[in-house]
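Chain nomenclature is as follows: A, B and C, assigned in order of appearance, with residue numbering initiated at 1 for each chain independently.
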Amino acid sequence: MSQVELALFLESAVRLGIPLALAAMGETITERSGVINIGIEGSIIAGALGGSLGAIAFGGAGLGVAFGALTGLLVAFVFAVFAIGLGADQIITGTAVTIGGLGMTGALYQVVFGVNGMELSVPMLAPAAIPWLSDIPVIGSALFAQAPTAYFAYVMAPLAWYVLFKTAWGLELRATGEAPVAAEAAGVRVRAVRFSATLFGGAMAGIAGAHLALAHAGAFAENMSAGKGFIAIAVVALGRWNPIIVLFAALFFGGASALQFLLQALGFDLAYQIFLAFPYILTLAALAGWVGKSQAPAALALPWEPNR
Amino acid sequence: MSQPFVRLQGIKRRFGLIQALSGADLDLYSGEVHGVLGANGAGKSTLFNVLGGLVSPDSGGIEVEGSSVKLRSPRDAWARGIGLVHQHFTLVPALTVRDNLRLGVRGHSLTAAVAAAEAKMERTGLRVPLEANVSELGVGDRQRTEILKALLRDPQVLILDEPTAVLTPEEADGLFSVLKDLARDGRAVALVAHKLDEVLAVSDRLTVIRAGRSVMTAPRSQVSVRELVAEMIGDGIADEVAMGGQAGSSSDSVAVGTVQVPGGASAASPSTERGRMVVASLVGVYADRLKDVKLEVRAGEIRGIAGVEGNGQHDLALILSGRKSPSLGLANIPKEVAFIPQDRHAEGLVADFDLTENVALALSRMAEFGSRVMMPWGVLRGEAERIRAQFEVVAPSVETRAQLLSGGNQQRVIIGRELALKAPMLVAENPTRGLDVAATSYVHGELLKLASEGVAIVLISTDLNEVLRLADRVSVMTKGRMVEVSESQKTREGVGALMLGGGEASN
Amino acid sequence: MTLGVAAVLLMLGGYDPVQAAAAMLRGSVGSWNTFVSITLVRAVPLLFAGLAVALAFRAGVWNIGAEGQLYVGAVAGVWVALTFTDLPGPFLVTSALTASVVAGGAWALVPALMKLRLGIGEVITTILMNFVGIYLAAWMVHGPLQERRGVFPQTDRIVDAARLPELISGTRLHLGFALALVLAGMLAFVLQRTRFGFHLRAVGASPAAAVVAGRIDTNRVILLTFLASGAIAGLAGGVEVTGLTYALYEDLSDGWGYTAIAVALLGGLRPGGVIVTAIFFGALQAGAGAMQRDAGIPAAWVDVVEALVILAVLGLDRIRAARVGHHAGEEAL
């Protein structure tokens, strides 16, 4: 394997891993508060459409990303109203939000661009190479010649870790996810914490979606999220609910996905679909290898009602 | 006296079919310790939870410093200077003691909070390991952490619900002196405690609650124990039974000497039990919380196991009843063991199931109730009807869901069901906790009757009086080990010394 | 209310809601034949998958993996149907369906063991298994099982002997619908009348009480339930290929495994309720096709309606629960 091939592999590993990292980091915060939002798939696809429309409307990819974050947040808001406000089952609500998000974006897309989905021309989020760092051999271009959203993910991981483990707000968040009754008794506003953590998760998923549309594809396509929200939830478990490990877990999954390019380049003749399935199998194996039950927040997915 | 700091008036609150509070009043003045008395289930905890913002009243008024307030959450209560130390622990197990102490406290820096905690610990003698995870702590340390957590917030009113149940007498004394200091500093303190004498010793004023209503408030100096007990129990047991087994007095009142249980431990003298068949035995048994336990249970005896909570009794109960295998050692137990678990809600009943289904939960194991494949619902329903009638379960029908019943009635269902198993042994774990006087004496009577019929009974209880009154032989559990109590030690003081000799659980 | 929201959304999208509703009704219940040949036919896989999910959820097993189990069931069914063509009629189709049952169960075995042995939550593992199952089917139709000419991503059509007979002559409704109804009846019977069903419900309602009061082997119940759920979802795939499509396609399922979650929950996790909601969702999907065809409204709108229906039911349920009042409970808490 040549250095060029390796560099290409790493570059695509990071590129494929970044949207997962963004979404999974948001979901980590959400799950730490005791809420599992499988509706982030809906936030991602909404972020992809919102990001595209925003980029066109405001004539810039940067504002597009911000608009994508907002749409992702809006979708998470719907989830939060039902799952947290009304205490409805989180899995069902998440399923509904995913179905609705996929349908809504598909329908809106056709409303805006016609039934056949006339090709969108969207301002792209161009890679921005960081001087010096991107010149490091092999890993430099892989890590530091990516779209700006990638750098956002690099910064968010330690930041989210710090907030989660070193601040009063992070303590309240973790307490809420571990023992909501105890947190409430200590004066924590459990619903408010869960609400904001869920909205943050939605915004991050929206950014992930905007990244897909603006940095990868340069266009919106129906169902372009392709289950990335679901994978992000697996990545959260793989990353043991720790934002920094989650970043690496997302890159690991990206690497597993990128293996197809590498192996094909190396002359392995395996069916394309097997390569596609490979990251999922690897993730299952990795979960079996090193994630225990005790890692998950104790009150994950349990609805909570205050003041009986 | 001047205006009370907190005034509760005509508080009513209903849970499902149960009217927990039906017009409770409570005035708390700055500078005094106020003892709240009442049978278990009289409504004390609900009243305290209303004050702490955990439960909203259906009606009634709350005034703080003369102005009417609504306490919608513990946060609201804290903001008014009201701090509640719960009967049930409300710590986050996955976090350290330090994190738990500073949880929800804003505006303090971490180091300041720790320094404050250490200063408090020094002053009060309530020492806890700050860096340990709460999940690793014994119940005593957890209780101390709860109290510290409340003290750290410097409340104007401190309410404590059963704070001494898991403390040693020395620790309880330490706590009481802290409470008196607080009152001297001009704070108001309200207290519910397990032991009547403790409350009497520390309180300046007393309020008695019965059946959800405040029936008496008086300075400590102006009432006698006899009067208080009379008020707690009311016109008699009939009242409470009439209102549907609504929770009532625990064995505390037994300690006060108001209830006579038919029979009594003296009926079976130690000499007669020799030669009876050994029904179950444990040799060198180890489990998560058990160390080298040896035990022999004979037919027709009540084997009492006393001890401060959290010393391995639950593991012992699960192993003796065949619900769990020891990690090491030999457990010889009958194939079927009737079991009255401590936690009715989580382990004894399926809250969502109706009475018939809850009865079926155990009885469907018996050969006479159908094949291995089918559920004979007709027969089981009949059996549930029989249990409802015989054990006087107050429920509209056998189709009533278990969660709608009061604690006493839930316990009757469990006892009726387990007795129907006709097992050679019964394991009862704190079987009267949270039950009223009538229900308690009923349960005690059933246990004695069963023993006289030749059933081997293991009575595991944190209530020393209960164990001493009913048991033929008594052992004490401390830190997962079992010590048999000799005949000469079989007194309150003797067993108490053994219970505390090993200290409270630390693992 | 849902209809109102849907109408407003449609108007915002520039469509005529009345026209949309008319097309929707015409396409789902417009005539006997429409109802039977389109709505009921669409309902069949939702019915099987919905029963699979309902059964699992009743035991507290969060099987989100019906989609993947359905695909491997379809793969196994088609493989048997294409391979053992010498078998006489009833045997061949029975063998194909048996294979899909086994395959679906096997697919559920992986997350079941990961849950019971390693303590890894089944929500995550079943979702991952879905992707693996979908790609497995995709590989099959591009590779080992691709049709003879090797042009289209699909298998050859299965022989007549491997096909389920039609249920009502002259319609597309096949025997699979009757099988689903029978299965629903059986499940209702199992849940209410049998010891295993009682244990299953106890484990789902309170695992601790199931162990302590019922002395139930919860691991065994969870394992068996997981396998049964996977097997039924596998059958959904098997029935679809032997009853309707007669071949395996890459995108055989339109997310039925996920819609099944809604079907199961809105059906109150009861087999009888699942029948009703499956037919309702079948009608929605049938109507969506007509809406697109007749009124030019994208079928994606029906997903929006589906989501709104789920949310409306969830919301109403929660609001009703809040009205009934405070939780019943004990004073001591």
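Just so we're on the same page, a contact is a pair of C-beta atoms (placed from the backbone, for glycine too) under 8 Å apart; a residue touches a chain by one contact, two chains touch by 3 or more.
Note that the structure is a prediction, hence the values are computed from the model and not measured.
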item: Chain contact graph, described as a line, ring, star, complete graph or other shape; value: complete
item: Pair exhibiting more inter-chain C-beta contacts, B-C or A-C; value: A-C
item: Chain B-chain C separation of Cα centroids, rounded to whole Å; value: 47
item: Whole-Å separation of chain centres (CA-atom averages), chain A against chain C; value: 27
item: Residues of chain B touching at least two other chains; value: 15
item: Multi-partner residues of chain C (at least 2 other chains); value: 326-327, 329
item: Touching two or more other chains - residue numbers and ranges from chain A; value: 308
item: Partner chain A, residues of chain C touching it in the complex; value: 13-14, 62, 64, 110, 114, 118-121, 123-125, 127-132, 135-136, 138-139, 142-143, 255, 258-259, 261-262, 265, 296, 298, 300-308, 310-311, 314-315, 317-319, 326-327, 329
item: Residue numbers on chain B that touch chain A, as the complex places them; value: 15, 52-56, 72-75, 78, 84, 86, 89-95, 99-100, 102-106, 149
item: Interface residues, chain A side, partner chain B - complex; value: 168, 171-172, 174-175, 178-179, 181-189, 298, 306-308
item: List of chain C residues in touch with chain B within their complex; value: 193-198, 201-202, 205-206, 208-215, 326-333
item: Contact footprint of chain C on chain B as seen in their complex; value: 14-18, 20, 40-41, 43, 45-46, 87-88, 247, 318, 322-323, 339, 341, 343, 345-353, 357-358, 360-362, 364-365, 370-375, 377, 403-404, 406-407, 414, 434
